[in-house]
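Letters A, B, C and D name the chains as they come in the text, with residue numbers starting at 1 for each one.
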């Protein structure tokens, strides 16, 4: 048995919960958005990307979210279905909400920015009443995205979902996923992310995202991965993953182990989606019962594939593609 | 002298006021938006389109509006400048407003729809304090778009602009431009559009748009162009133009004349932008001192060119292109 | 026939439209509110006060407004009914609005202030759909209060009511009644008050209130009663009344006449309500067909009675009480 | 040592946090509010009442809250100071918020209702930035009121205050204090009250208030005090108090003890304030290190005094008054 205790008799492996939006990626890259002419449409949002990644790797996946009652909302549901994701719990807003948009501007591989449309978005209208306890009880794991905490009633839906998950022994992954533009202040984000993190089994975030949780603890930031892991492993969490960008990832368990994941070389088109690709493949590995380091390697290889492509969700690789990447890199290193 | 008394010594011919937004037109046409993949970006918004049309025809033009403080806002200003439009009175919002978006879905030439993003948009943040009386006093004419009346403080900016225009004998064109999604109700739209119409020299609208003004008069709709014109010519207006789509246009003056404008054949890609092309070329003609019917013909020819193309603002033709269209059609008819 | 042409065959003399609220007047006067202990409850709001004044003088009166669905709303309706005012067109809000409150602090006769509760108030929820054209057509006159213009949908209800009034030859009195706390800015107030004033037969306001209308004209304030009257008499208005506090009132007609009204001595308890008492009695006089100066005298006497008492609405005098005040003063002066 | 571990070296005994408002109690009782004429002004709000009660009993008390920048806000601060409560951490709102109001209507001793003004109230503008960690570290105990969770940013201020309390070993009392009118739904209230309750040392509430917390657990309500106490004593709480109105109170500790508190007879004027009086005196008793049942008796006697009077805060008794009530009742019973 792995580090997290998945109820093996459940029909659904993973349910994602939270943001479903549209990415509009500039086709003309390496220039400011004033000079781009055309955009390509993709499904986006961190939990959507991670769930698509997991489904592409073969997990049985579902989603809990809310979409707008328009062409974009219908497109999102259709895309998830085509990716093999159950959408029975994707509600449709009837109050005039819109789909969140993310226009991406790729000035250079290391200088990307996003222009967001987050006013009156459907994903943040998900409410506790949209949840189906029976549905959740059929899943091995639930992935919560921190952006779903940004506003009511989505914020309350997250806490209610965590309650159902706890009641039915659904393993909870929490991707902190901090996006400043949806919050009033970093402190507000930290306060709610901390409350959610206290109720999750595995917390995944970047260094700055873990700092955010510390903001809400009322002490000067320690910015120390070991302290961070030590703190959170005293709560419900069994596994803490700190993503460190180009420096790879560090995973901590309750036995005091530290697992270090490296990165793979890539011809970087843009950095968007790296974290989601990592998380999707890492969760897949953990749910296969793999050693933690193997899951980290799988995550890093997936990330290196996604940053070399133009999209996020659409570029999520299959297990074979990831393995091929790993094998090629390993043989290169042997030769070198 | 023409029907409207333009102060000929003014350096600016026409100032547009109101909506500046981004059109994202689906490149894959004749299918629902769920199936489109890419979009091309254009500057949009009825008064923006009309002002671009006028500038392309050679009028000296300026704009009064507000844009977002982001790549889209900068793109709009840059586009207007390249079109030869003065942007000295285009303010930049500093409160986090976004640029309005219009995603167009072209299912067939006659079945087009628009998915709008109008929450928290910069154009409706234009306030009376953003106006510059001195700037307005330098113009022969002002074009007001009805959508600028949809919310405060833009609504108040319109009434203040009309006050300055009246004080400085600037001729005012009012394009009713009713877009239901920005209003609480049709009656609300009608009430403010009526208040603005009472203060304008030339009112341009579709039959349904003039009906809207009647809603606010508290009587059953008459839906009669002659009654409409008769009513409005008793106020400040000297010229009433009813656009009737495929049936052409009707213009009325205070002498009891009715001028009928026909339409030009076109291979219609989409119907968006036809009204703006007509208005831009019609206003141009009126400002040249042309006979009203000649201005109507010019407007109709321009509309026929725009509906055959993929965009609105970008497709606005030059005077030569319009004249060529008219000449070809005239000779065709002679031959036929 | 008097200066304003009232349709004499109408069953209702005057309909008030606008604010209905509760005044809570400190019983312990001449001290700051921190030290007051108890408050007495009265119906308040400028148009309510004026309509009560008119009804007490014997006019057949009605009211168009909206009250909260609670004890305060029911109290207001009950009070109006007891004052003999028809409340058939006083709607009840069903969306959780509250009754506006005005806590008055009477530090000294000349230093009074008001602490207002104006968030989510029922009176500003009056909408065009709440109006009954048939009801309005039964009235000789309509009194509009400027505070009803402060927010949508009440703002639109005012413009719609003015449309019905115009259609049915109902004489319109406009009391500018500027209350800064309900507006975003003085300019916003000025813009809408000006639009309404252009459609009224008689405009009543203080010097500062007429200045407000000038703010919206885009020129430096002239602060000149003669200019003010001259300007407005070029619109629909037949009668302009400038209230000058202790200096009395000035009324102007289209024939170039200026009528000066003086004031009456009073033991002033508080200055609140003086303007409403004046307006109620002045309108009464005008509707009796009196000479303008006689109506001004009647208004001034009524004001002197109200400022000597603790309340506004409740203290509105009868015609006999006003006449007695006038007679006593006249005989005093003769003796003196 | 008592059941809760108070740091005895702290200068402040108790800090209240949350609602500060004005009660306006009808002077004419036993009739509907439509018929009341005058109101008397008192400081109100559950945590304000409890803190006043504690101060009157001799505790060294402070308050963390926010008041409006007007006469009512100044009155509240002045009243707290006169009651001996430190107001160094009562912030003043500068954004135009008002003081919450509660008009009480006492139709009969058992039929009281409240008309609330809770739009844009200052108390719910308390933000995490208004908190002073140093101040909190000087207190033995913190009293949190559930109404402070009703809206942001006050909601976040509560969670931040609980964090500081935990960090500095400040004992936390949580009074659920559910007031439906400030919440979107009972479920929303339950979700946040549950999150706060999980972090408190002593939870005090009525049966229906504990039901609210269960709503957020996703199971049918058990409505069973024993189950309730058992559940909450598995979290941080050491002491659970269920108030049962006329049936007295039940207190539970972690050793499995159940303490039953009875009630005292009273000539009931109104039932408002009974719970706050109980809580104030109960907390006082607990902080004196008394047996739990003695604290319950003290609380019940205080409640019986307050329900016999016209106000809440102002009627909070001294320790002598409570003791006298207890002694009189005891001797009556002995005689009887």
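The rule is simple: contacts are C-beta pairs under 8 Å (C-beta built on N, C-alpha and C of every residue); 3 or more make two chains touch, one makes a residue touch a chain.
This structure is a prediction, so every number in the text was calculated from the model and none was measured.
Asker: Which chains lie in contact with each of chain A and chain B?
Answerer: In this structure, no chain contacts chain B and also chain A.
Asker: Taking each chain's centre as the mean of its CA atoms, which one is most distant from chain A?
Answerer: Taking each chain's C-alpha mean as its centre, the farthest from chain A is C.
Asker: Where the centres are mean C-alpha positions, what is the separation of chain C from chain D, in Å?
Answerer: Each chain's C-alpha centroid was found; their separation is 45 Å.
Asker: Taking each chain's centre as its mean C-alpha position, how far apart are chain B and chain D in Å?
Answerer: Computed from C-alpha means, the inter-chain centre distance equals 61 Å.
Asker: Take the average of all CA coordinates in chain A, do the same for chain D, and state the distance between these two points in whole angstrom.
Answerer: 42
Asker: Mind pulling the residue numbers of chain D that touch at least two other chains?
Answerer: none
Asker: Once you've mapped the touching chain pairs, tell me: line, ring, star, complete or other?
Answerer: Ring.
Asker: Could you list, by residue number, the parts of chain C that touch chain B in their complex?
Answerer: 128-129, 133, 152-153, 156, 159-160, 163-164, 167, 184, 187-188, 191-192, 195, 216-219
Asker: Residues of chain D touching chain C in their complex?
Answerer: Where chain D meets chain C, its residues are 24, 27, 32-34, 36-41, 70-72, 74-75, 78, 98, 101, 103, 105, 115, 117, 119-120.
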